[in-house]
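Got some structures for you, see below.
Across the two complexes that follow, subunit A remains constant while its partner is subunit B and subsequently subunit C.
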Partner chain A sequence: MTYHTLLFILTAAAAVAAVMMKDLLMSALMLALVSVGASLILFDFQAPWAAVFELSVCAGLITVLFVSAVSLIRREENKLEDNRMRFYAMPLVMGLAAIAAWFYAVPFFESLENWARFGGRVNSLGAVLWDIRRFDLLGQISILAAGVFVINSIFPRRKKQK
Partner chain B sequence: MTNSFALDWYFITLIFTAGLYCMLVSRNLLRQLIGLEIMSKSALLGVISAGALTGNLALAQALIITMIVIEVVIVAAGLSLLVKNYRLTNSIDIWSLDKLRG
Partner chain C sequence: MTTGLLAYLLIPLFTAVLIPFAARTRHRLAGVLANVTLLAGLINVSLTLFNPANLASAFSGLAENGFALLMIFVIYLVALCVTFFSSYFIGNDSTVNRVPYYSLILTSVSAMCGIVTTGDFFTLYIFVEVLAVTSFALITSDDGAKGLEGAIKYFLLTFPASLFIIFGIAFLMLTAGTFSFESLKVIIASGLPVGGVVFAVSLILLGFLIKSGVVPFHTWTPDAYEGAYAPVSAYLAGIVTKVSGVYAVIRISMILRLFEIKAYHTAEVLMFLGMLSIVVGALAALRQNEFKRMLAFSSISQVGYIILAAGMGTPLALLGAVFHLVNHATFKTVLFLNSASLEKSAGTSDMNKLGGMEHSMPWTSWTSIVALLSTAGVPPLSGFWSKLIIIIALWDGGAKIYAVTALLFSVVTLAYFMVMQRKVFFGKPTEASRNAREVRPAMLVPVVGMCLLIAALGAFFPYIYAYLVEAIAARTIL
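Let's turn to the complex of A and B:
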């Protein structure tokens, strides 16, 4: 078993743990572990820029956001009676999915591989990001502005009471 | 033993299934967001795996950076909606969102 496969197994196990944990805080931390696993996989694929972004933003910033949200709704956590039986049934569902995917999805993915067309004329991230996908940057900036607008409109500044 | 690409995508399918199951069975808004995050992680791994197969790693990295930015905005907006909804209705149940009052 290679290091690469081991990383994928770690990420999948962390994803299952994130879903199954009863405590929301532990779920958020397991989600951070999924992000760390994904970032290690990206490093293994020789994609350091994306890995650094993933590690700093997803494992860092999003975890902080989740933990702060959990701390804000802490009292409510135990009141909501989720049906725990569904979560306990998850290993069974995942096992069935794993068996079905092994027999049905893997041959499909192997056939997909024959359709791969090799590209890669430009092999530097800067050239791709600034020249070829320049329009994406406009989209990123506008979606960041939209996010700021959403948060600003959800939490308006309180007016001074006279 | 199957080759690396198909094996990668096998695990990506499993991670996606975990996120989808989380979104299907839970009524907790925070868990819905966690399931969404797990699904988007699997999509990210799919992009990088396909990029490595076709020798297009630079393009895959550019797409992943875009995906991560969008993901952060979605999570920030979703969590702010969750906190606001909790302050208004004192509940984090997803069915408390069905009252369309301004």
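Let's turn to the complex of A and C:
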């Protein structure tokens, strides 16, 4: 129970951070963290396929795409006045969401917990990742390596041009 | 995925990670490391593939998947040619950063090996995406405006493909409950109604058709090949787009067992698109003035032959498709590398500004002739045999109109290449070509080697045919 709550809070915090971050790169990384959190929750509620997809596509691939797109954008100093609206609205939205979560998410997780117990908790995260989708993991590693090399290839050139 | 072939995937990935550390201060070391890794892999796979003992035992000693092994051989071959060529092509004043360049090439080699060894659609999808990301960065290697445009077009226009593939995979999960090629084959071969599975696989097929640049979806190919950094366009046209798209199409048509009546409509559409690609690609290639653009359209046309054969789906047609895929990698790499040499020494690849290059660049001229004759299907070069197999298979399968058109358009292929050869290499020398010199001998090694291979594949065709029949048809198709 506490594990889920912690994961849920972590995911929510990362999601808020993704919206609030001024730096696009950090924002993309926070979004990846949201996906990782979501996939861990899915793993724990006996949805290994959904979790593997979430982890592969959202956390791995989409992040690499975002990061390579961000690396193509030239950084211009703030010419436009930053829109502060979201900073005023955010606490209100977060407060409402937190209250709603207290009422709905906690019982929801408990009921899910029961269903998970009903399904029989056999697949630990490691077992699913390693036994069923062993070669995808290799693909994930290649994606991450590719992402690093893309950044390595594109970022220095952008700096030089500046 | 067969674990026996895992080393071909892991070792390049390892070197790719090693390069940024090892070549931090001496950037030239990056090229050396990449070349050594690829050469070692190529020698290793050639020893398995061309071992004379194989033929004597009818390939029964070959434990690995024959199709994957052949593809790995081609991947390593083209990648080695491109890295060896680039290590002399990248000058000291170049904007290309050697370290990430070679790392990206090795990562994409690793991803391609993943694609050809996997036995599962989801893993295939992941590796295809790795390949898309690395090619995106490779296209922009020299940071030109055209490269960036090509890369963005490549990315935006192949993005819907990923969407179709992932939808197809999700649908497959719903209907068949599995992604594995073997289980899908069993499901399709069984007598059960398989409409849902065929629909899902057809969605995936549509995605891979977009990725392979077949005619209604071909608009990204010429821009990407033309804009890409010169050696990279050889790499893309030679192997990357073929493995990320065409290979999967062949694989899917093996799964669907198109020669039975099962996925009849899918097969018809595939054949039609293949024919359309042959026709449109060849006619468009006739009208191009830019060398690389012409080669790109020729590539579309040649991919059409492969798709047409895959749509026919009989074991013989599939063998033709596989062999044409191998041949296409050899001759298109030669032609694109030659266009890179032309660009380097004459400063342009516009065919109207070039002329009489055979006097200043005889080796480049002659290797182009070998490659273009093989593309057009002139005996005894390798391209002749693969086209012959495809046309015979089409005729046998009852698609006689397709067979005749395919034959006719191989004459058109010869025509547009002859126009190219006359404009660029023969004729009177122009301003640009008078100052041109033949490139350094080291840059000629890959193209001459490839030409020898083209001749050898043609001359030793009986051995190749035995391999295709015993190691691929008997094990993977049937």
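Throughout what follows, the second predicted complex is superposed on the first by the 81 of 162 C-alpha atoms of A that agree within 3 Å, B and C clash if a C-alpha of one lies under 4 Å from a C-alpha of the other, contacts with A are read in each partner's own complex, and residues count from 1 in each chain.
We take it that a residue touches a chain if its C-beta (ideal position, glycine included) is under 8 Å from a C-beta of that chain, and two chains touch if they have at least 3 such contacts.
This is a predicted model, so every value here is computed, not measured.
**Q** Quick check for you: in the superposed arrangement, does A:Trp49 touch first (subunit B), second (subunit C), both or neither?
**A** The answer is both, since A:Trp49 touches subunit B and subunit C.
**Q** Pick one for A:Leu61: touches subunit B only (first), subunit C only (second), both, or neither.
**A** both
**Q** Classify the contacts of A:Leu6 with the two partner chains as first (subunit B alone), second (subunit C alone), both, or neither.
**A** neither
**Q** Touch check for A:Phe135: first (subunit B), second (subunit C), both, or neither?
**A** So A:Phe135 only meets subunit C here.
**Q** Could you let me know whether more residues of subunit A are touched by subunit B or by subunit C?
**A** Touched residues of subunit A are more numerous for B.
**Q** May I ask you to decide whether A:Ile143 touches subunit B, subunit C, both, or neither, giving the answer as first, second, both or neither?
**A** In the superposition, A:Ile143 touches subunit B and subunit C alike.
**Q** Touch check for A:Ile99: first (subunit B), second (subunit C), both, or neither?
**A** Neither partner.
**Q** Quick one: classify A:Ile154 as touching subunit B (first), subunit C (second), both or neither.
**A** Both subunit B and subunit C are touched by A:Ile154.
**Q** Pick out the shared contact residues on subunit A: the ones touching subunit B in one complex and subunit C in the other.
**A** The overlap between the subunit B and subunit C interfaces on subunit A comprises residues 49, 57, 61, 65, 72, 133, 136, 139-140, 143, 146-147, 150, 154.
**Q** Using the touch definition up top, name the residues of subunit C that touch subunit A in the complex.
**A** Answer in residue numbers: 1, 9-10, 13, 16-17, 20, 95, 97, 99-101, 103-104, 107-108, 110-111, 114, 118, 120, 122-123, 126-127, 129-130, 133-134, 136-137, 140-141, 143, 148, 166, 173.
**Q** State the interface residues of subunit A toward subunit B in the complex, per the touch definition above.
**A** Within the complex, subunit A contacts subunit B at residues 4-5, 8-9, 11-12, 15-16, 18-19, 24, 27-28, 31, 34-35, 38, 41-42, 45-47, 49-50, 53-54, 57-58, 61-62, 65-66, 69-70, 72-73, 76-77, 80, 82-83, 86-87, 90, 93-94, 97-98, 101-102, 105-106, 109-110, 112-113, 116-120, 122-125, 127-129, 132-133, 136, 139-140, 143-144, 146-147, 150-151, 154-155.
**Q** What part of subunit B is in contact with subunit A in the complex they form?
**A** 2-15, 17-19, 21-22, 25-28, 30-31, 33-35, 37-38, 41-42, 44-45, 48-66, 68-73, 75-77, 79-84, 86, 90-93
**Q** Mind listing the subunit A positions that touch subunit C in their complex?
**A** These residues of subunit A touch subunit C: 49, 56-57, 60-61, 64-65, 68, 72, 133, 135-136, 138-143, 145-147, 149-150, 152-154, 156-157.
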